[in-house]
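Note that chain A is present in both complexes that follow, paired respectively with chain B and with chain C.
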Partner chain A sequence: MDILLQQILNGLSIASVITLIAVGVTLIFGLTGIINFAHGEFLMVGSIVTWLAVANGISFWLAIILAMIVVAVMGFALERGLFRFTLERPTNGFIVSLGLIIVLQHIVIFFWNANQKSVPRPLNTVWEIGGVRIASVRVMVIFVTAAVVAMTFVAITRSRYGRALRASVEDRDTAALMGIPVRRYITGVFVLGSALAGLGGGLLIALFPITPFTGGTMVMKGFAVALIGGLGNLTGAVVAGLILGIVEGLSAGYGFSEWTDAYSFGLMILVLLFRPNGLFGGTSGPKMA
Partner chain B sequence: MKSVLLRGATVALFLGALAYPALAEDAADTIKIGVVAAESGAFVSAGHTLPAGVSLAVKEINDEGGVKVGDKTYKLELLKRDDRTDISTAIAATQELVRDEKVAAIFGSETHDFTLAMAKITQPAKVLHFAGNSTLAKVLTDSSVASGGEDHYLFQTEPQEFQRSGSTARGVLKLLEPLVGHPLKKSVLIVGNDATGQFLSSYYLAALKSEGQEVPDIIFYPPDTTDFSPFLTRAKSLKPDVVHFWYNGDSTLTALPQALELGVAPSYFLFGVDPGIWKEQGLSADVPVAMSCVPVCWGESSNPKAKAYFDAYFAAGAPKGVTSSVSLLYYDYVHFLAEAWEKAGSLDPDKTVEALKTLHHKGVVSDDLAFNATHQVTHATEVCAAAPGGDITCAMQEPPADAPKQ
Partner chain C sequence: MPVSNSFRSLLPVLLLLVLLALVPLLSPSNRFLSLAISAGINVIALYGLSVLFGQTGILSMGHAALVGIGAYTAAILARDFNIGFWLSIPLAGIMAAIVAALIGIPSLRVSGHHFVIMTFAFGQLLSIILTNGGDYTGAASGLDVQQPVSLFGLSIDVLTHYYLMVVFFVALSAIASWAIINSRYGRTLRAIRENEKLAASLGINVGRHKIGAFIVSGVFAGASGVLLAYFLRHISPSQFSSFPSIYLALMVMIGGARLLLGPLAGGILVAFLPELLNLDPVQSRILYGVCLIAVILLLPNGLIAGIIAGWHRIFDRRPAQPSEPAVEREGK
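So, the complex of A and B:
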């Protein structure tokens, strides 16, 4: 029983990191139509910024804020400098993002080499309750993720900005005629998604060492969760993240462990076959003019 | 304009003609050797150690005057090629080194499949080929290495996998048992699920069983895994005495802190993680942790020659890495080859092969390096263990004479 509980807890922990990535993916892909496969590299840059900051004596908590800011600024620059020119042709944006993966990885390798990077754990306590071990750092990641997702949810569903954003997803031209600065909103969503990737990177390096190639694996799962939950649907991203985390945890624990990733992506394929808009329904990305 | 070009071309031809005898003379006094390895891409961690180790040996030989073959003394010229962890690039680089550069010998690659592909080019061209792969037993047979055989010029510079796995398993258990304080009976393997992981773990499993270990499960994880907690929890449910992490050093270093956090076992073994990395990263554990090096460790070693070698290796600019010791699967054999050329009194590849088969070379890895009848080397592997207090002890472990019965 304690092993089963431990596996469920492991699943929650896996889910929290994947969900944080998926929220960024689902916002950017679902609400702006930009297919940014370099989102994982944004996450990796967030980890690198955190690592550099901590190595220079800055506290971990300030370091993750710094990571959010740096990756948000990077996202702003890339959206204004690259992705805005691909809005009418999402396939071009997709190819641009593939190129960005290589460029960002090589910039990091050039300056800081390809070796693993890690930071001292910001929280070291491990609680043991009835044979189940709970690391405080994992609990912290779960709570930060829950808080950030809740704030983003409120911002998207309750605020004036969020309503305008959703309106522009429905019909970009009409929203523009109503006075909504659609292009500026797209930039805003891209910057928010990037900041979340920066935060995810900071949290990730608190849990595990990272390399310049870490982002690739994570973003695949982020896209899987975003598609299972429904593009642009934050509730969907959270629930799908939980499902995927638990599936991963239990399949590694009780199934063919080497098939862990296959279970996750198999689930994604099944969901997309039977519910093309995801479990909770979502956008198909903004409708192009 | 035309006349200026013509004059320029004439002068260039004249200067070229003057320089030719000097170049030809230089070429005649130089033996070209090549190294093909991953200096970029996924295998860079092990790959970059090859050119670094070979370069150091070449420099030492040249600084001592070169290689005396018969009446002539030759300098070595090293040509390095990056295969970018890509088999097609490795093949192209080998073709260029063999056909265009006319190298006498090639060192590499760190990857079994790449070596086999490269050998298809080096062997018909009679180019001596040294590869630090433990897995060439299937191609290096009595008939294939015989004169006229398809791998007559290919040499394996790492012990066979059953030997490496055997000495590693024995050394790990021998070092951990007194630190744990009770007999170690049950082992669980956690292995990366790729071709190398599957292949290596089959040998290590047999080696553990031949040491009397009960092995209830081999847990394979997908490559690039970062969160090992589900796999580790599964291992914990089996109540092992030792958890053995194979084979990727980076993954192992990611998994170990998670295993310690979950309290998976009373002891661990990390394959291919040097105690130097353990110290540099300030790692610590509240239970004993064994580590192994391929073949000798740089961070702590029981081998008296290792310190001098690694001091020179790092002083030459090579980075301190998880697998820096892999360089020793090549460094010793450049010296070995030079000795063979001197003994043969000729650069003729067939005479050199005969010399290589009869020589006993004093290297860093062993005082008695020698190739057997199927061109394979045998030597001990170093295993170290970090006690909970931080003390690290190391021991060279001799390999078993025969492969365990499956």
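So, the complex of A and C:
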């Protein structure tokens, strides 16, 4: 039982990072119809920035913020420089993102080699409650993610910018006719999604050592989560992230750890078979004339 | 397309392959031959992908997984049943076709972008299954293929012979691909690519044809997997995960998926570009990625189609027939 609780906690902390990716992926898809597979590389760049900053004596907390800013700027540049030209044909955007995966991965390898990178744990305390050992760093990751996702959620459901965003997702042309600067919102969503990926990268490297190839697996799980919840559906992504975290934790706790990576894909395939729009219903991308 | 006209599209490919078959006369280095062999093996798989993506408009990110099925089938057949190279080719083709059907039937229930992600996930799943397969699949370290390849008692293990055999198989797959493109079946696939709803309203069973195209692409992939296994003599799961699939998609898109010359050009270009420019693997990967992005944004029909269009513009004075860009479907 104790081990089980611990494993669920472990699962949830990783799932937090995955949820951060899934939120970015789902927002970008919902508004632009672009499947941005390079989002995992955004996360990896966030990890690398954190690693570089910590190695240069900057505190971990500042490093995370730095990672968010750097990745957000990168997202802005890539949206303006590349994805902007694929808005009419989202499939081309997807292919561009495949190219970006390869480019970003190998630029990082080129400058900082392909070895594992890690930072000293920012929090070393381990609480022991009734025989359950709880690493505070994992709790921190879960809480930071929960707070950030909650903020994003409130901003999207309550603020007038969020309403404009949802209107643009619903119908891009009509929203534009109502005076919503849809293009600017697209850029904004890319920047927001990238910042979340940067944060996820910073949190991930606090949990595990990373390599330049980490992004690939993480983005697949992010997409699995986004699809299980329904692409374009923010609530769905969060709930699916929670489910995946518990499932992965349970599987590790009951000794099937070598199959952990398979669960997200298996779950996704099953969900898509029976509910092609995800558990909570997603959009099928922007409606194009 | 009239028959005489359609043969004109096959001719340059066969001509190029005949020239390539003469290359061993120039006594090329072993390194060159190895590169050419791996390029050729990729090209065979790319012809399958071009039927799927170029003709039917379905993008698969799990093509390397099907190549892997072919490679592992060959290795396991050789180990457990002592079945050699020549029988492995059809058997692996059938095996890959069966797996393609198993992947395709559920995946094609979902549309466009979901399908891409499904194939990606199946690719990852396969490499996880191969890694966890214990002794049967050799786990993470993979399997060895030790059987020699021979034809009429002549050993094909010499690099030059293997090269010629690969050229032969490339020619075979180019002809097969040409036959598909110019058949009634190929026209049906293109109808689905251009307008799925219209095709369905004409009585075409869209779902069945899509799965069919996926299975056809699997046969090509399976055969190329056998050639790969016997060439490398050692295969491991990481060779067939989703990243190799990205590279295959990249090659077919750089070359152009719709033209018969496209897969050949893409495969050769990607294999030899780093050699020509003297780049190390990391730099060349960066270059591939940049090339892919540039090709998609500037020449959506691929390099060859871009060159042909440019040629027409300069020398013909009459404008090249405007054709639909290749990579815009399924995004609806």
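Keep in mind that, in the parts below, the second predicted complex is superposed on the first by the 287 of 289 C-alpha atoms of A that agree within 3 Å, B and C clash if a C-alpha of one lies under 4 Å from a C-alpha of the other, contacts with A are read in each partner's own complex, and residues count from 1 in each chain.
Throughout what follows, a contact is a pair of C-beta atoms (placed from the backbone, for glycine too) under 8 Å apart; a residue touches a chain by one contact, two chains touch by 3 or more.
Just so we're clear, the structure is a prediction, and the values are computed from it rather than from any experiment.
Considered on the superposed chain A, chain B and chain C are sterically incompatible, since they clash.
Applying the stated contact rule after C-alpha superposition, one finds that A:Trp61 touches neither chain B nor chain C.
In the superposition on chain A, A:Phe94 contacts chain C only, with no contact to chain B.
Of the two partner chains placed around the shared chain by superposition, chain B and chain C are both touched by A:Glu258. By the touch criterion defined above, A:Leu207 reaches chain B but does not reach chain C.
Using the contact criterion defined above for the overlaid structures, shared-chain residue A:Met268 touches chain C, although it does not reach chain B.
Touch criterion met: A:Gln6 reaches chain B, while chain C stays clear of it.
Using the contact criterion defined above for the overlaid structures, shared-chain residue A:Arg133 touches chain B, although it does not reach chain C.
In the superposition on chain A, A:Phe143 makes contact with neither chain B nor chain C. With chain A used to align the two structures, chain C clashes with chain B at 91-99, while the other stretches in 91-99, 145-153 or 235-243 stay clear.
Looking at chain A, you'll find residues 216-217, 258, 261 touch chain B in one structure and chain C in the other. In the complex of the two chains, the chain B residues touching chain A come out as 42, 44-45, 193, 219-222, 224-227, 229-231, 233-234, 236-237, 250, 253-254, 257-258, 261-263, 281, 319, 321. Remark: chain A residues 29, 33, 35, 82, 85-86, 88-92, 94-96, 98-103, 105-107, 109-110, 216-217, 220, 223-224, 227, 231, 258-259, 261-262, 265-266, 268-269, 272-273, 276, 284-285, 288 touch chain C in the complex.
Per the touch definition, chain C reaches chain A in the complex via residues 59, 106, 109-114, 116-118, 120-122, 124-125, 128-129, 131-132, 242-243, 246-247, 249-250, 253, 282-283, 285-286, 288-293, 296-297, 300, 325, 327-332.
Across the complex, chain A meets chain B through its residues 3, 6-7, 10-11, 13-14, 17, 113-116, 118, 121, 126, 128, 133, 135, 204, 207-211, 213-214, 216-218, 248-254, 257-258, 260-261.
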